[in-house]
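Lettered A, B, C and D in written order, each chain numbered from 1.
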Amino acid sequence: MRELTYREAIREALREEIQRDDRVFIMGEDVAVAGGAFNVTQGLLAELGPERIFDTPLSESAIVGAAVGAALMGMRPVAEVMFADFTTIAMDAIVNHAAKMHYMYGGEVSAPLVVRLAYGGGMRFAAHHSQSVESWLANVPGLTIVMPATPADAKGLLKAAIRTPNPVIFLEHKLLYNTKGEVREGEYLVPIGQADIKRPGDGVTIVATGLMVDRALGAARSLAREGISAEVIDLRSIQPLDEETILGSVEKTGHLVIVHEAPVRGGFGGEVAAVVANKAFGYLDAPIQRVGAPWTPIPFSPTLEEAYLPKESDIVTAVRSVVGASAG
Amino acid sequence: MGYSDQLTEKDLIQMYRWMVLTRVFEDRICGLWGKGGVVELPHGSQGQEAIAVGACYGLRQQDHVMPSLRTRGAFLVKGISARVQMAGVYAKVTGPARGKATAHHMGDAERGVLLGSGIVGASITVAVGAALAFKLQRRDNVVVDFFGDGAAQRGDFHEGLNFAGVFKLPIIFVLENNGYSEYTPLSKHFAGSDFACRAQGYGFPGMRLDGNDIFAVYEAVQAAAARARAGEGPTLLECMTYRYRNHCEVQPPEAFRDPAEIEQWQAKDPIARMRAQLMQRGILTDALVSKITAEVEAEIDDAIQYAEESPFPAPEELYKDVYAPESPELVVGRRS
Amino acid sequence: MRELTYREAIREALREEIQRDDRVFIMGEDVAVAGGAFNVTQGLLAELGPERIFDTPLSESAIVGAAVGAALMGMRPVAEVMFADFTTIAMDAIVNHAAKMHYMYGGEVSAPLVVRLAYGGGMRFAAHHSQSVESWLANVPGLTIVMPATPADAKGLLKAAIRTPNPVIFLEHKLLYNTKGEVREGEYLVPIGQADIKRPGDGVTIVATGLMVDRALGAARSLAREGISAEVIDLRSIQPLDEETILGSVEKTGHLVIVHEAPVRGGFGGEVAAVVANKAFGYLDAPIQRVGAPWTPIPFSPTLEEAYLPKESDIVTAVRSVVGASAG
Amino acid sequence: MGYSDQLTEKDLIQMYRWMVLTRVFEDRICGLWGKGGVVELPHGSQGQEAIAVGACYGLRQQDHVMPSLRTRGAFLVKGISARVQMAGVYAKVTGPARGKATAHHMGDAERGVLLGSGIVGASITVAVGAALAFKLQRRDNVVVDFFGDGAAQRGDFHEGLNFAGVFKLPIIFVLENNGYSEYTPLSKHFAGSDFACRAQGYGFPGMRLDGNDIFAVYEAVQAAAARARAGEGPTLLECMTYRYRNHCEVQPPEAFRDPAEIEQWQAKDPIARMRAQLMQRGILTDALVSKITAEVEAEIDDAIQYAEESPFPAPEELYKDVYAPESPELVVGRRS
């Protein structure tokens, strides 16, 4: 099958959806002429024209607020907020407006917008351009939060996100933009809320999101060499959360390790742990282990950022500790 | 006064009637507050009726309004019945969103009312987005966006107005300058001479006008709407007014302000003023005034009765409408 | 001992700290002349003067941003943001600035400010004035998040919060303002990061925050009549989190129920569950149960809001289910 | 030109030298980018040096500056050595926050430099808070707050300036209008005629000036600082300028803009202009110019060598300084 980068897959999804549905449009800072801070929308202005993709002032609150208003009036905006760290300045439009519109209108209308955000570390962009923000939004009913880990999922999930009649936060990991993978041509959707078992196994369940899926797969490969069979689950969306897939896996493996790039404390891993400690308690053979960043802001210097970001070896260590715990 | 001159007698009486209806609605719920029944804390718009009514009168159905805290009149003129609003005030299932939202900021897509916001000022960017949709859809509708002097100090005012200016959107920003942001007087939250001048910094016209003069408001909004429909972009209208009640009913009207100030403004009452003008022109008579008052009182009585008799929502209503239903193609294979 | 309301206790803490330290001041919308939206600061303007407490424009981002700047220059601002729902519009100043200053300055200076917020439902204030927002901020290193449940704690914790050289989010539950309790006169501090065992017990651990502490105590009383001995732990702060007290209790009781007012999904309860499922796994006799709001925005009408808010009976049911699970 | 007239020859040469130092620093790191060593993505300020240097020259040590993206010159004038900044660019332990922060927005409390922000515009409210502290502390220091035309579209610009106006704070807002917000030209993000007029909406003076004329900048900032110290409140200075490099080094200078535009502005280069003026006045000579250039190049060579030779921070540095240490009274009895 054809290979595309994650970036190209997203671009293809945007192009296809805009061509399919004349309610869909893209706006954000430097998305049109300059093709986006990460070149995701490069070329789309020429292909689609200035009414379907346009640049805005440096006003994230207005970008998302206006997307909400346009969505209420029947449009399907895809708003780009560049760095996920800027969620803080669009937070009100997301949390108090987009998420609650359908409910507060009593179901009469809804706010079908997508907010695209580039998240994560690894590019030496320091504390204000590297954060993983999903848990800031994970306690907000009405939102859908998607975190694609592969080019194929990026395309199928984004197309689904654009078609969903609800507001979607779409988190793209910066380090994934250049990764390649097989991507089907043309039309397909990946249903939002369906986790993907990226590697089957029966000794331990590793639940991961975004860039960490790849690290988890790497860890699983080295664990296999030690005779530990790890099942790697890519959540793909944290809301809806596919509890069934997680629980089914833990019932089989009896061991759970959760991995995300955000700090462990207060991160979404707690939710996954709580669901399992409630609904699959009887199947657990060992403590639940979480892997994530430490409790610090994100530092600039490479030596520090390396120390900050969760690594394959951290996952391996965590798995060994839970598998060892039940063995011991 | 081109637009006002074209108002028929019927129009004028109707406008007057809307203001009276607004006033009576507000007076009644303020009076009922604390005595049981009224669940929503009233934030009365008495004294500011000319703005909401003058701005909304003559709009098309698909022109949209974004309410502020003080736009009861806008809901009425746009066609949301006193019954539904009152049911909202009583938190009944017959009210907005079947009891899930307040009447204060209710939305009604059918009637061109955007859902307001409890986050003061945040509604401005949403209103701008509605205007953006009109532009993209090549529909010549306008958005009338109401907010107060307090809201004008929020970042969203700035981002919203600049955004609208850059894209020349069909929106009219109606700033209800009533001199207070809750209990804080203008002098304590604003050092400029007027808000109208801010429009210049966004590249569109702004003007200050007498918000207690319904004709001035009607005129200015109609002119701005014509501009907007012609693709000439936004307008900022700073309407000077005053609210007689306090920020909300937890404080008496005179708390933290000079009673003389209230009296001064009562002398400029927008309803009395229009009544006097229409009586002078022979359009209103004592008899007609009494008739209107009686009709309005009856309408509000009916609304209250309707609200009282309506049931509260059943608890299961809580769980409905968190997410809009998805088409089958989106859920294929989904387990969650 | 003297009784004060929670409101009066907070006011007393503010007064004492301002009188003690001339770097401390209060700013916010209508805090001075009008005494605050919940009358907490009533009378302080007359007592302390307009340089120590003053009203600001309706500009939450500027209020907290300016508090950060003033704190950097040696002041100790107490910023009031009225309703916790407005966290969304002050989020950037809190998350990207206050929380990270000490780190980004390499420890040279810090941002010792307190942001006071009134949170929670029960007053028919609907979706924009009723939220419990603690989990939105729970994944942000650098922050301290305090949630007092009693008048005595409100005073002691607020005084500690003002003195801490770090930014503190201070969440006051609206329904607690009128509750009364014994409050010592004069100087005392409650250390932030020390949970409080509000009721000892040995059959089940109930961990709660804010208003829910009282509901948990109510539940514990009715459970006692059924012969179930519940230990009620008031976290008092969610960051720092007093893991030791939680773990010590669970090691004793073997059962855990976590209660907060925010929706269960994505709420801070997940963090507590994850910590216990990791560090006290071997002591757990039953699944961990969480009690919280459902996955909906907060509705307006009393019948709906009642259905939304977690009740004593929900806690009782949850406790019965975990105790029953291990018995059964 | 009252303030400029009082500048001594030494001052003038020093100002010129700061601009050259800024230019050379930026040129060198842009040149080194991509060739290893330089970790921080350069956002060059070449072409805008007169603003940072002109605004900061003559400030007191305890006057604080809040940097923008393009204020390398401000760091230098405020006394942060090229060595430390370069170590920051190289992400070494000898740089800002021992490698934890970038050189771009670094803070230095001792030298009166506030920590900037990667969240464009957010630094404005923080700068306003510093000015609030000065007022509350009754210290007659000022804050000079730099930001760009893009930042001026953020809500924080509005809330910050209004807040400063209401409290008459000692702050000077220096808007570096270089015609672009990243790659978006002014015409696409601004529909007004100028930014200076926005000050009126906050109740304080605003003026537009030639930001490539170091004397105009110096003059305006000194006058504004005198006003601020006298308790007369803020000033907004819109400084017209241009950046030669693109937003950052991921794009070549001419991407998304007309090369002719760059050339036009190069003809108005702030350094060449000051040099010509000082040569005409006999203050600079060819020999002195060469000497300054050589000294500056040597200073940057030294800084680069220092940065290259400095070690990266040890990984444990990561965990330090998340929280400031608490006094014992606060931790009594604490377990966590």
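In this section, contacts are C-beta pairs under 8 Å (C-beta built on N, C-alpha and C of every residue); 3 or more make two chains touch, one makes a residue touch a chain.
This is a predicted model, so every value here is computed, not measured.
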Graph distance between chain A and chain D, where chains that touch are linked: 1
Remotest chain, chain D as reference, centres from CA atoms: B
Comparison of C-D and B-C by number of C-beta pairs in contact, larger one: C-D
Distance between chain centroids, defined by C-alpha means - chain B, chain D (Å): 45
Distance from the mean Cα position of chain D to that of chain C, given in whole angstrom: 40
Whole-Å gap between the CA centroids of chain B and chain C: 36
Inter-centroid spacing, chain C versus chain A (mean Cα positions, whole Å): 29
Contacts with 2+ other chains: residues of chain B: 97, 100-101, 117-119, 122, 153-156, 159, 162, 166, 188-190, 322
Multi-partner residues of chain A (each touching 2 or more other chains): 56-57, 59, 61, 85, 88-89, 92, 96, 103-104, 127-128, 141-142, 241, 294-297, 299
In the complex with chain D, residue positions of chain C that touch it: 25, 51, 56-57, 59, 61-62, 64-75, 77, 92-93, 96-97, 101-110, 112, 141-142, 144, 160, 163-166, 189, 191-195, 240-245
Touch list for chain B against partner chain C, complex: 39-41, 91-93, 95, 97, 99-102, 117-122, 150-151, 153-156, 181-184, 188-190, 251, 255-256, 312-315, 317-319, 322
Contacting residues of chain B [partner chain D, same complex]: 153-159, 162, 165-166, 168, 188-193, 195, 197-198, 200-204, 233
List of chain A residues in touch with chain D within their complex: 29-30, 33-34, 37, 55-61, 85-86, 88-89, 124-129, 294-297, 299-304, 306-308
Chain C residues touching chain A - in the complex, by the definition given at the top: 85, 87-89, 91-92, 94-96, 99-100, 103-104, 127-128, 135-142, 239, 241, 262-263, 265-274, 276-279, 281-282, 284, 286-290, 294-297, 299
